[in-house]
Amino acid sequence: MIIKALSADRTISWVVASFAILAIVGLMVPNWVLNGTMFGLARGLAVLGLLVLWRTGLVSFGHALYFGLGAYAVALLEKYTGVSDVFVRLAVALATAAAVGFMLGFVLRNHRGIFFAMLSLAFSMVLYGVLIKSEALGSTDGFSVSQTTILGWQPETKYPLFLTIILTGVVAAVGMQIYFRSALGHLTTAVRDNEIRVEYLGYSVAQAIHIKYVLSAALTGAAGGLFAMALGQVDPDSMVNWTVSGELVFISILSGPGSVAAPFIGAVAFEFLRTFAFELAPHAWQLIVGGTLLGIILFLPRGLWSLIERLPMRQERDRE
Amino acid sequence: MQATTTLLIDGLVYASYLFIVSVGLTIVFGVMKILNIAHGGFYAWGAYAAAYSIGVAAHFGLPDWIGFIMIGLSSLCVGFIFGFLIERLILRRLYHHEEVIVLLATFGLFLVLEDLILLVFGVNPYFAYQPMVYLGSVEMGGISRDVYSLSLIILACVVAFVCWYILSLTKWGKILATVIYDREISLAIGINVTTIYVWTFIFGATLGALGGAYIAPTISVAPGISIDVIVLSFAVVVIGGMGSIPGALIGAAMVGMLRAFAVHQFPELELFVVFAVMAIVLMIRPEGLFAPVKARRI
Amino acid sequence: MNNAHSVLRIRDLNKSFAGIVAAKNINTDIKPGEVVGIIGANGAGKTVFVNMITGYLKPTSGLIEFEGRNITGIEPRNATHIGVSRSFQISQVFMSMTVMNNLLVAISLANRDSCSLLRPLNSPRRVRECERVMECYQLLKYRDQVAGTLAQGVRKLLDIAMAVVSKPRLLLLDEPTSGVSIDEKFDLMDIVVNALKEQGTAVLFVEHDMDIVQRYVDRIMAFYQGEIICDAPPELALRDAKVIEYVLGFRHGTEQVDDRPKEPRHA
């Protein structure tokens, strides 16, 4: 019955179908495409985390904190316990980020707008400041992360990890879609529109924001963990510095808040755009990113997804 | 005792540097409500322009003191050209957007400015030590210090005085105060807010560039120098209160001293303390130590 | 007085802001199902009074009791939980959501248990209740319209309907007809008052239009400089000398145009 209810939701069936196709395509593509897609999807998961907050009207300029926590949790877990199992790694990454998010949430839930952005930034830079100066935590070089095992089995290729990322992506996207459709999920927009009314309807705005914040942290932490596994290493500058937070926010602006699928599309597009840009014009990559960011803010405020929404075929379907 | 003196002077020098870099940031936020990440880009451009022009001057055998003129000229050029173009072409279209969205737009600008540097100046570092050599060094508290670093303190005082003078004693200052208080009413009583905005932004950009230009002789000017600076000046501005000049002064003093203390006593906490203080201030008093609190009416 | 039968009991309520007195020794009792109008010039302390009852402002001193329970200084959301709701002078609705979704959110927050909030917003049960409310408040034809695009009067109705879905025993309406065109005012009040009569809700409403007040209330409380200067049935209150002088002013008064009191201003 649950499956029937889920498949009635068009977004969910589309997401599941496209991830299934992607899983099959993953078998046939060369290694660099597989890698790029993995990085893209992992980042997409983090952006999905940002989307939860964005729908509430909050922009976190410090989500590298959770991305980094997830990644470092995976690396430190291996360093101190030797565990490299994919499920343990994923669970630890997610739990670490969620726990920290839960604690910081008590403070952040009272902040809005630019103050929310700045406080998130401050928290993430605290972690960065610790990591970059601490020998025990790898300092500026970080650690390498050994290949991921699955229940004791050491796979030959990266495909099993790819499959794990896809599965996590599907579960997260479907879960968030259910969440967004629920009454609690609609509170995101309600809180963004009018906090006073939400309070007078008998619900604590602070609590609503706290829940969303922890959800967001958990998703981003899991994303960081998966990213570290795919990359095979962690370091502060490419995972915790404020530019990483900026990059994640950039991808969410690029994707738009329209759908749970948008972050994944946006992040994979970003990944391949970067690969090609580095080939063609190595010194112009940030120029392209920065220019695109400006262009989207000025001309396409609802992101790439709004282009998909404008397709004639989709409009007809929505009208039915 | 000697250690304390060293620490105090280090802290003061660093605080002066931070103040020069962040005062432009806070002025732009105060007047235009834009938290400008691209300020880091102005800083980097200032540094590159100064290092490059000082290098050219040295190449033609001009005396070392010419470097100071180059520093001034570079900051003015960078401030006017980039400040004017960016305000006119981009920010002007964003004034009706939320503060956070504008913040992201300036992040885009920051990235663009970073890569323009690579395209114009290449990836190799520049050195422009001539002005520093020219001023020589002096012995203080048993340690030899270069006068150039100490001159940062004087420059910071000059910048603080100029800002205070403009805001408190000139007609411009009064007009600015009106615009800061209420943009709509300023428009209604005939203040040309558009002009105010472009000049404010140019002024802020020039100060950012001046920070970079003046520090250029003491560092190796290389790609990515602005990444740490901009986030530190955010800390300064946030601690003091976004939009407040006395706030920037206090914020810079706090961050400068804290960092000097950490460098001397607990080097591994150098960055940690700065952002921990930023976080604590934001937690307790989000508006910063020096800004008024607003309430909402229903 | 038979306090046991009051929904709301207020004793010696005071509020001042930095020396300005906004409420001074307010005492009153509201009975179940009673409709009470609050009148007074701008700045007389009407909204402050409403804000204190629903917890948006904390009184400086005094007691507010709802159904025998002390609710002085309660959080707004807890006031809603125990049965005190309010509407707003400026409609507070979710501007980017449709009328239906506005009400659905209100409904799901009004009767929620631990996991009902995880069910889809438009569950059949909620939609049924929502349609009933929309019919009651004549909002059905705006069902899919985004709240930000509604006319003032309709938005006011939505605002009130959202306050009422939690079935409060006491409802406070802060200027329900302000910003509503004259020919819509009576329709709006007819809809609201009839709907509330059915539920037996006590209503306390702030209003400037004396025709509206006269037509719908059982009792009038007139405010002047933070004090209740008259608390009586409308036919008596509107003839009261103080009310004529300080509230109605020259409109109903005969000679005093010049010594009309200046309106004190405060937050």
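General remarks:
First chain written, first letter: the chains are A, B and C, and each begins at residue 1.
One rule holds in what follows: contacts are C-beta pairs under 8 Å (C-beta built on N, C-alpha and C of every residue); 3 or more make two chains touch, one makes a residue touch a chain.
From a predicted model like this one, the values you see are computed outputs, not experimental measurements.
For the pairs A-C and A-B, the count of C-beta pairs in contact is higher at A-B.
The chain with its Cα centre farthest from the Cα centre of chain C is B.
Between chain B and chain C, the centres computed from C-alpha atoms are 51 Å apart. One inter-chain figure worth recording: chain A and chain C are separated by 44 Å, centre to centre, where each centre is the mean of the chain's CA atoms. Inter-chain centre distance (chain A to chain B, centres taken as mean C-alpha positions): 33 Å.
Residue positions of chain C touching 2 or more other chains, listed in rising order: 88, 92.
Among the residues of chain A, those in touch with two or more other chains are 196. Residues of chain B found to touch two or more other chains are 298. Contact residues of chain A toward chain C in the complex are 178-179, 181-187, 189-190, 192-194, 196-204. Those residues of chain B lying in contact with chain A across their complex are 35, 37, 90, 93-94, 97-101, 103-105, 107-116, 118-119, 123, 227, 231, 234-235, 238, 242, 267-276, 278-279, 282-283, 286-287, 296, 298. Across the interface of their complex, chain B is touched by residues 59, 61, 107, 111, 113-115, 117-119, 121-123, 125-126, 128-130, 132-134, 196, 241-243, 246, 249-250, 253, 283-287, 289-294, 297-298 of chain A. Those residues of chain C that touch chain A in the complex are listed here as 54, 75-78, 80-81, 85-86, 88, 92-97, 101, 104-106, 108-110, 112, 116-121, 126, 162-163, 166.
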